[in-house]
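Heads up, there are several structures right after this.
Two complexes come next, and they have one chain in common, subunit A, joined by subunit B in the first and subunit C in the second.
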Partner chain A sequence: MPNQNGSVFGLTILSPIIDDEKATPSHDLQIRKYLATLPTGPESPFAQAPGTHLARLVVMDDVVFVGYPAIEEHLQSKYLVFETNCDADLDEYLSGLAKAVPDHLDAIWSHCVGYPGVANSGAFIEYMKACQLETTLFFAAVNDKSVPVTLRALQTQRAVTDFIADHQGMEPARLQKEFLEFVGKLESEPVPKPGTMGPQRALKTGGRNE
Partner chain B sequence: MSKLNGTDIQGFVLRGYNLPFARYVFLHFEDAARARALIGRLLEIITTGQRWDHGKPQRTVNIAFTHRGLAALELPLATLLSFPVEFQQGMKSRATILGDTGINSPECWDELWRENRVHAWVAINGQSIAAIEASTASLRSLIEETAGAVEVGWQDAAAIMDAGKATTREHFGFTDGFGNPDYLGVERSTQPGQGKLMPDGTWAPLATGELLLGYADEAGELPVAPIPHILATNGTFMVYRKLHQNVATFRAYLKEHSGQYGGGEEKLAAKFIGRWRDGTPLELSPEKPDPSIVQDPHRNVNFTYGSDPEGTRCPIGAHVRRVHPRDAFGFNGRLINRRRMTRRGLTYGRPVAQNEPASDREERGVIFMALNASLSRQFEFVQQQWIEYGNDAHQGNDKDMLMGNHGGQGKFVVQGDTTATNPPFICSHLPNFVELRGGDYFFLPSITALGMIAMGLVDPR
Partner chain C sequence: MSNINGKVYAMNAITPMKPWKTLVVKAFFLLLRLVKPLQKDLINLSFIEFARWVVIPRSRFPYVGQGQVKDEMKYDYLLFFSNFNGTWNQYIDAFADVLGSKLNLIWRWSEKFPGSNPVTGFKEYIARVQFDTDYYFTAYPQATANDLKSAHIVQASLDDLVQRARSCSPAEFSTAYLNFVIQVQGHLGETGEAPIVF
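Entry: the complex of A and B
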């Protein structure tokens, strides 16, 4: 089934960008400028809204002409591409976004044709769905579990590994006692915030080695 | 693919010399014309890849240049700018990308590498110290005659001896130097397990263009290379890294942790690396070293990890499994065929026997030299993704146990089963067993290209 894999939804949205010769700078440039200032990691608007595994925003200008023997072709419009792997269900995810980061959404999508704004939540969801394309390929590093379940699993994995490293070879009765205490403590811990469980790396290029 | 022209390729590229002594002399050029004259004279003694029909020579000489060195030789700007960007930048500028941070960062390197004075690497390998000294004397007299360069440093290296015989052991006590790949057209006594894994389970040579510029690589493309084509063809890029080994730290860590490990000290040491100290692959002999395997060229590199997906024989994070995953990433090994390198390493510093106290402060380690057509696609990728990050090996953020820049925070998981002598085990608080003390990226030109450089005939038009 397209768009859905377990608890994860693959959402692709193409919103045509307003083509207005009088706009200075043009709407696509205004979107680019705004996107360039958005924080990544735990401060990202998509980390602050619920249910995002991965989100990517791209301004698509046109088809690139690579030279003969290719044929020169053009898109009818510039598009804002929004790709996300998020928790299903879609209506809930979109209304969560609208509620958590309305100013960001309006600042970005107000440059797109027919965008109604987030103030009217129903109209916003309807607009986004009207721009939706079917998605069959998901981001490879996302599994089929929800964001809170994934974060809890990472937290558990890390904590259990540390527990084992600190308790290897311990006498069984004491180990059991300490393990039960550990499990109780772990269960009472809050789920970590999205964006906080990745490696701390000086490199900010997403692993591209150049 | 026809046979390569061994007389045009530097011998260091085509074969591991297996000569027990080496000296790497580092030169700085002050005047382009005089430096070119020196290279012209050096051409008389450079060792090519020609076959050794009359046995191994007493000594060999090879040369390579940093980008700064090529600029000092006044190669045309259009040529200098056509080199891949990572080579133009040099290894020091790539520190963040390579994870060479903290105690591995350039400010902690040896003085020679903190400065930007190294223009050329001249490698002398020899059968004896006398042979090394003789070649050094020839080199120095050529330098003196031409006034072509200033010697800014040198590095001696030597195989660790055992009862008067050279071994391939390194200072932690492991037999090293397995697993260099085969390439199309390179004459070599080939072993099953080298090269690339084919869908039918056999092994075949890698495309020549994974090692040498000017030939098709595994993607059927020509590697990114400088212009003109003839300057690049039959040349390659080399990474030189001086890797200090903290032998005391390694021994103490192993001793402390093996106390809690059911398999014992030697088995834990083997789990770190993926081979027992004598070189027996854990994958083939998980319970004990087996000299019959090590000595058998049909078996000592001939294995895959497909039947050990859980890592209960060879841990998934073991050093050799991470840096040469063979079939471990699926797709018949295709994901790794463009990440292979040819290693030409030798140990330096006084070896310290197992029963002798060791100190981390003594100069001791490995001169790691790797040859590849693309520094960025091959060496830098392996360093960044497989050594300093664990995702491809399904080891999360864990770095390579042996080589990782752990800073005391590292972790390594030994997968196991339910038997008492092969239990699962977690090594935490990993220190840096190996520290980077300097190095750079070099271009190792062909004999033709050396001649063009010497005569000032490099023409990018």
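Entry: the complex of A and C
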């Protein structure tokens, strides 16, 4: 299945944007304005809904004319492109979005032709699938790890770095005891929220470029 | 507009193809998909987190009715979406250097594609067919593709060590811990803010 690589799904959706000359500002501009105010960190709608590794929303104004002797042609509609790299099952992912961030989805897609709204979850999923394009080739650098597993691994990597630095040359019995305490503490910590930068670390100075 | 979030850059590009040429491109993509070793260079580039190519046949732009005018184009279109680490110039340079021949096999069927070498013409073409991202999210903005791979190696090694640490003597643990440090020492690079590159 070309849309999937391992356990990661590559979803590509093009939704036609309403072309209404009476709308001021135009619907594509209204989408752009809304997207410009949308947070991209842990408050992002994609951080609040489960399963998004990376996602983008793009207003595609037209196809590109590459110059003569190619033929110049234009789209009848502008399209809202939704490209996401997400975990597992498509229906599950879309219904997760619909449950977690219905207001954001409606605010964005209500400018698209035929959008039924998320109030009817079945119609919403059906609409998104009607606008879906099949991916021809999908590449993923890591294709067998979910979002929470990845965030946990990044948290572990940071903690292990600090632990090793702080426990050099320690006597074995004490090292073992402190290691098990460290692991217990690490396992009890919550998985970091998607979209967070991780803890601020002090700048290291004195490098050879200074 | 935000093509960048943390350490990742979102690139979008669209190129026109004569419909008969689409068959060739699709056959090549099928080959790349089925014969995984052919993706080796893409994997070795190591700064691409996710990338995809999507072929849109000329009469298959999504159509939902309800007043939408159906798009009937003369060309098929090849969409390309990439999520990579580093700057645009670094990406295009490395892409052209490492994947030059394969890139040519993918894009040579697109109208006016000049080839990936010399890279100046290639960059001009990409700049022409690229369009900007309005909104970009990543669950782990502090991490690059290599950070992700390394983090999973550290996690797996730690899980192994934890199993042993609970039942072995301090002397045995000391040896196992040393082996663990040797295993993960190349994977402990710090994540955090991206460096500023001009």
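Convention: the second predicted complex is superposed on the first by the 185 of 210 C-alpha atoms of A that agree within 3 Å, B and C clash if a C-alpha of one lies under 4 Å from a C-alpha of the other, contacts with A are read in each partner's own complex, and residues count from 1 in each chain.
What we mean here is this: a residue touches a chain if its C-beta (ideal position, glycine included) is under 8 Å from a C-beta of that chain, and two chains touch if they have at least 3 such contacts.
None of these values were measured; they are calculated from a predicted model.
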(message) For the three-chain arrangement built by superposition, which of subunit B and subunit C touches the greater number of subunit A residues?
(response) C
(message) Contact-wise, after the overlay, does A:L90 reach subunit B, subunit C, both or neither (first, second, both, neither)?
(response) neither
(request) Please indicate which partner A:I164 is in contact with in the superposed arrangement: first for subunit B, second for subunit C, both, or neither. (result) both
(request) Determine, under the contact definition given at the top, whether A:A107 touches first (subunit B), second (subunit C), both, or neither. (result) neither
(request) Have a look at where A:A70 lands relative to subunit B and subunit C in the superposition and call it first, second, both or neither. (result) second
(request) Go through the superposed model and pick first if A:A47 touches only subunit B, second if only subunit C, both, or neither. (result) second
(request) Would you mind listing the overlap between the subunit B footprint and the subunit C footprint on subunit A? (result) 141, 157, 161, 164, 198
(message) Show me the residue ranges of subunit A that touch subunit C in the complex, using the header's touch definition.
(response) 2, 8, 10, 12-16, 19, 31-32, 35-36, 38, 40-41, 44, 46-47, 52-61, 63-64, 66-67, 70-71, 73, 75-77, 79, 81, 83, 85, 113-114, 127, 130-142, 145, 147, 150-154, 156-158, 160-161, 164, 172-173, 175-176, 179-180, 183, 194-198, 200-201
(request) Name, in rising order, each residue of subunit B that touches subunit A in their complex. (result) 85-86, 96-97, 101, 260, 376, 380-381, 384-385, 389, 391, 396-397, 411, 413, 425-429
(request) Would you pull the subunit C residues touching subunit A in the complex into a rising list? (result) 1-2, 5-6, 8, 10, 12, 14-16, 25-26, 29, 32-33, 39, 42-43, 46, 48-56, 60-71, 73-75, 77, 79, 81, 83, 110-112, 125, 128-129, 131-143, 145, 147-152, 154-155, 158, 161-162, 165-166, 170-171, 173-174, 177, 181, 184, 187-188, 190-193
(request) Report the residues of subunit A in contact with subunit B in the complex, numbered from low to high. (result) 141, 157, 161-162, 164-166, 168-169, 198-199, 202-203, 207, 209-210
